[in-house]
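Chains here go by letter, A, B, C, D and E, matching the order in which they are written, and residues are numbered from 1 within each.
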Amino acid sequence: MSQIAGNLEPYLVLSGMLFAIGSFGFLARRNAITMLMSIELMLNAVNLAALAFGAFIPSLAGEGAAFALLIIAVAAAEATVGLAIVIAIFRNRKTPLVDEYDTMRQ
Amino acid sequence: MAWNRLTPAGRVLAVLLPVLAIGGALTTALLVAFGGAIAATIGANLPIVRFLVASVVTFLISVPVAFLLIYMEMKIIALMNLRIGPDRIGPAGAVMSVVHGLKVLMKEDYTPPSVDVPVFTLAPVVVYLASFMTLLVIPFAPELTSMGFELGLLYFFAIGGLSVVGLMMAGWSSFNKYSLLGGIRAAAQAISYEIPLTLSVVGIVILTGTLSLPKIVAAQDGSFLDWFIFRQPLAAIIFFIAITAEANRTPFDNAEADQEIVAGFATEYSGMRFGFFFFAEYVNVFIVSALFSAVFLGGSNPPIHIDLNPQILIDLSALGIGLPLIAGIAPVLGTLLFAAPIWFASSRIKGWQALVAGFLIFGGVSTAAVGIWAFVMLPPVASLIWFLIKTFALVFTFVWMRGTLPRARIDQLMGFAWKWLLPASLLNIFATAFAVLIAGR
Amino acid sequence: MRPSLDDPRVAIPAESTWYEPAPTPQTERQAEFLSLREGEMFVNMGPQHPSTHGVLRVIIKVNGEKVVDLDPVLGYLHRGVEKLCENADYHQAICYTDPLEYVSSLFCEAAPVAAFEKLMDVDVPRRAQYIRVLTMELNRIASHTLFQGWMALDLGGITPILWAFIERDEIVDMLAALTGQKLLYNYYRIGGVNGDLNHEFMSRLGTWMSRAAAQIDSNLALINENEIFVRRTRGLGVLDAKTALKMGVTGPNLRASGVPFDLRRDRPYLVYPELEFDVPTRDEGDSLARYLVRMDEIKQSIRIIDQVLHEMPDGPVMAKLPRLLRPRPGRAFGAVEGPRGVYGTYAISDGTDQPFRMRIHDPSFVHLQLVGPLTKGNLIADTMAVMASLDPVMGGVDK
Amino acid sequence: MDRRLAALLQEKFGERLLTPVRQRYDESEIRVALKDATDTLRTLHDDPAFRFEMLIDLCGVDTGEEMQVVYHLSSSTSGDWLRVIVPGLDRVAPRIASATFMWPGAEWMEREAYDMFGIIFEGNRDLRRIYMPDDYRSFPLRKDFYLADDASRSPAAGVRNMERAGTPADATAATVLRKSPGV
Amino acid sequence: MPLPDVIPFIGLGWSDVLFLILSGVVLAAAFAVVFGRDIIKSGLFLILTLGALAGIYVMLGAAIVAGAQVLIYIGAISVLILFAIMLTQSKVAPVKLAFQTQVAPAALASVLLAVLFGLAFGSTDWGSTVFADTPTATGTAPVAAALFGPYLLAFEIASVLILSAVIGGLYLAMEPKADEVGEEGQ
């Protein structure tokens, strides 16, 4: 009936592509906040994989969602601290661009 | 052609009537031809149809609800201010808010040149969508819940929190400093108050063991002492304050504080896009009132159960041919009955005036009779009426607060959320959990 | 389309200069004001803004929500009344001054009338003096009740202003019965008042006096004990007595800082020395104190009216004066204590029928200077609370 | 009380007063020269015998021949009011020291006097137009600024403009309509 | 007459179409997040990505995770990110290139990563591990059992982490010098 949505692989492929996009953003963007957003994308990719495993492997029924919830909690903490760091650095250095965060050099 | 001589209304009618006639004929023909098939399809896909109908109905009732609340607010605040309020359009100005809506529709929908057009256009839609989508889970009555699914409360908080995204979009895209300040204020306020809002109902979730709103309402069945406002008073207070802030109402309406930042996020909006913000605010007031009455005031449960159990249900089918006769004769007779004493009462009253008055009185009396009959005989109607009474009592409270209180300052607002409401809600959770442990559930 | 901040192709200039070129600073102070530090921006309020009483424009330099600096821009209501008065004769000059402070215009008449009477050595009949005191105190109550409503309105409360308007309406109607005008009374004349008290005024006044105190108390109960109101005004915009004196502050704003300076007491005019009343003062000097001092003054005004009604003598209400007034050359300064402070008129006569120079001193003008110093470091919302508590009226500020 | 003030003023300032102390009703009036103005004000403010701590009013006066600056002071100890007139400012380039060093509240009143008369108060940090727009060129309360009806009845040839683009230096005595040198 | 299981002409099931639409939205919005020039739009597209992902979570039968996703990710984290953007992206914000100098190696690495994932998923023989043919809905009970059973320690550690994050965030975002004027109006 559902050739795509009924299988595990499409979800995993989507997760992998999302992770790759996120990693590109993390590596290539200069803006610290965009990098944080890319990290959120990667974490969501992991979430998606965990949920897919939980949905398709009966022995992991509860574990997938539990993992996803834990990841969301950790992501919230990460975002809070990350944004606080960005704002704190911004207050001193007046720029959100990471390649200008070269305090050690001066 | 006579087209040029037609008034605007006449032109509308000239187009509309043929369209309606042709459309009606086509629809009838289709129904006759495929009626059975359509009915079968609907019957086979009941959940999907139910969802679609619920969505459409929810969307449709959100507008009259907004109109009603706007009228209520205008009139109640006017009474508190010793003014008359709207009194010209309709009886006691009752149609005023509809006219407001029409006015908003007809105004120019101006887009300032420097705004970020897609975001600017999308923002009011997001706000309105977020507020009306939460209407889906409101348990008006046990039989009248659009979608009573298991995670109703979570859904409510999740979707309700989306509106702040729309406010921030509006604030940012308007390219106006007032809007930007309003958007930032809205975001800070929403993030801060969502936490005590969510935490305050955890005690109830512990007690009921469910996140489903119909089940929470069902858990308060019994007398009014079973309502959660008496079992969780602290949670009720926190929840009430937090929903006031979530709905951006006085004294927490800092996001659109007109004395400070003109209209906040809505400063650059006009026409229907402003109307969306405007309606969303009032729909929000209704929704948070409904949620409060469902969670804390027993929702559709009556305060005290009185088992009337009347057996006066008339079997209409037993009347046979008498039914259309009664339906045809009763209005005429009733109208004459009420008109006669009025006509006799004074010689200055003309016959047609007496007839009109009689017809109106008959209409009122028969509507009231049918309402009382339905209230007694049909449990959903009684539940709905109880639910609406509670909800509108809360709406009145919100309007009352707006008429009474000045606005809190933004730092006092944030400090209150973090320093008082959050610890209090945590305390409430601990106390509830402890009590459940002691009592052994 | 707005150019994107993140777009590498466009170099975006400072945000404040996108549409309106920044004005070139003319003074040291303005240069300091116009220099933005990191994270600061200008927010313009007015001349059309919900909380500026009249057409005041305030440019606020904010850092987030915090007000860093503030620059009021005046002149949107400037009519050149002083120049007009120099080109009118003495009677005409009085009615030019009427619309200055339109919420309490009797005081704006009283000051030039006092100055002109000094120039011409006129003795005002005692009954006229009593009538002036009576009407001025009524007008003071009208102004203070309106202030209460404004104060609440600027803090977001919408009801008190409509309740406050009950009293103001009644007083205004009363004065309209006496003077024929509801807003700009034009009642005082050099050497007396225009017409004796009439029956309608007296009967309305009697009815009103019988319930005034209770009614005003109930109005005060609307807002005085409100927790939000008190929290937003207490400790806000504290003005100490020394600064207040240096800044030339007068009236209730000065008395809220603890200086019992009241012209009615310290430099008596008309029949005030014969009347018994207190000068309410507060020591806190914050917005709440400024509000409460005004509310206390309402009660004292009712007390004064009561005494005036009991002691008013009979007699003429106008002194005998020639039709054409040509005072001797000289200078005179007439001052009255108004609801906002000292209204002064400095008149110079050169022997003709027109004042050679007529300087109008308005307290709102002085008090508006304080908005900047008092709001620095507070939030945007506090600007409104401070401005409302100083109670400037733009008609007087802009002359 | 007032007599005492007159004697005190006479004693303190002596020959610095341009005219004897004038008293009329409850007002006392002294005139000091431009060069003595700052010292006089400071003495009046600081001397424990006077303590004129409140500046009630500050204004400029154009007599048609010269500019004057008039201060109205109020004493915080005795309740006396004093008018200090500083006459003899040049009409072409009126300049006087600012009073903001003692009364910061004089700032706007000096701005107003500058706006209306073109009097430059040296030491005022914010001396710019207050009522008139920034690009306005003339000074409306000067006696060489005509109102419309003045312009029409003026004896000079033709119609004169109400607003004269220019600085105080552009004004000449011939354009002044109404002079009162005596006041 | 119920709706057909397979959409005519396309040959895909309803849930397949839904999945394709949602995953298309996810990928397109994620691309917009990463490649967007306007950072505030990147933030808005991030919200779109997360919302579409929540839809996929619902398809996977994890409604509670979807709710948490919307509540926490969209309602809190994204709004926080937008907030930070509004705070930091003032006029001195970048008038320069959006990408680092190593954009090409980064792209190469990401593509390699994607290929690697694809190879790994393709070559893995799930065989008997995957039983379900359609995603099985997860109620709240098994999640709670997992969270408070075997993963209790992880749960507690996460809560401690959040607490420390709150404290750390407060400390970092505090004003460098204590300027108490007008704070809290006390």
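The working rule: a residue touches a chain if its C-beta (ideal position, glycine included) is under 8 Å from a C-beta of that chain, and two chains touch if they have at least 3 such contacts.
Note that the structure is a prediction, hence the values are computed from the model and not measured.
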item: Two chains sharing the most contacts, counting C-beta pairs only; value: A-E
item: Far-end chain from chain E, centres as C-alpha averages; value: D
item: Chain centre separation in whole Å, for chain E relative to chain C (CA means); value: 58
item: Inter-chain centre distance, chain A versus chain E - centres from mean C-alpha coordinates, in Å; value: 6
item: Whole-Å gap separating chain B and chain D, where each centre is the average of the chain's CA atoms; value: 67
item: Chain centre separation (chain B, chain E; CA means) in Å; value: 33
item: Junction residues of chain E, two or more chains touched; value: 39, 64, 68, 76, 80, 83, 87, 89, 92-94, 96-98, 182, 185
item: Sites on chain C at which at least two other chains make contact; value: 6, 38, 41, 231-232, 379, 382
item: Touching two or more other chains - residue numbers and ranges from chain B; value: 409, 411-412
item: Residues on chain B engaged by chain C in the complex (per definition of touch); value: 77, 80-83, 114-117, 175, 177-178, 181, 185, 250-251, 253-254, 257-262, 402-412
item: For the chain C and chain D complex, residues of the former touching the latter; value: 23, 26-30, 74-75, 78, 80, 82-84, 86-87, 118, 245-250, 261, 266-267, 329-333, 335, 342, 344, 346, 348-350, 356-357, 359, 361, 365-366, 368-369, 398-399
item: Touching residues on chain E, where the partner in the complex is chain B; value: 1-3, 40-41, 44, 47, 63-64, 67-68, 70-71, 74-76, 78-80, 82-83, 86-87, 139-140, 182-185
item: Residue ranges of chain E touching chain A (in the complex, touch as defined); value: 5-6, 12-16, 18-20, 23, 26-27, 30-31, 33-34, 39, 42-43, 46, 49-50, 53, 56-57, 59-62, 64-65, 68-69, 72-73, 76-77, 80-81, 83-85, 87-89, 92-94, 96-100, 102-103, 105-107, 109-111, 113-114, 117-118, 121-122, 126, 129-136, 138, 141-147, 151, 154-155, 158-159, 161-162, 164-166, 168-170, 172-173, 176
item: List of chain D residues in touch with chain C within their complex; value: 24-27, 29, 53-57, 59, 61-63, 70, 72, 74, 76, 79, 81, 83, 102-109, 112, 116, 125-134, 140-141, 145, 147, 149-150, 178, 180, 182-183
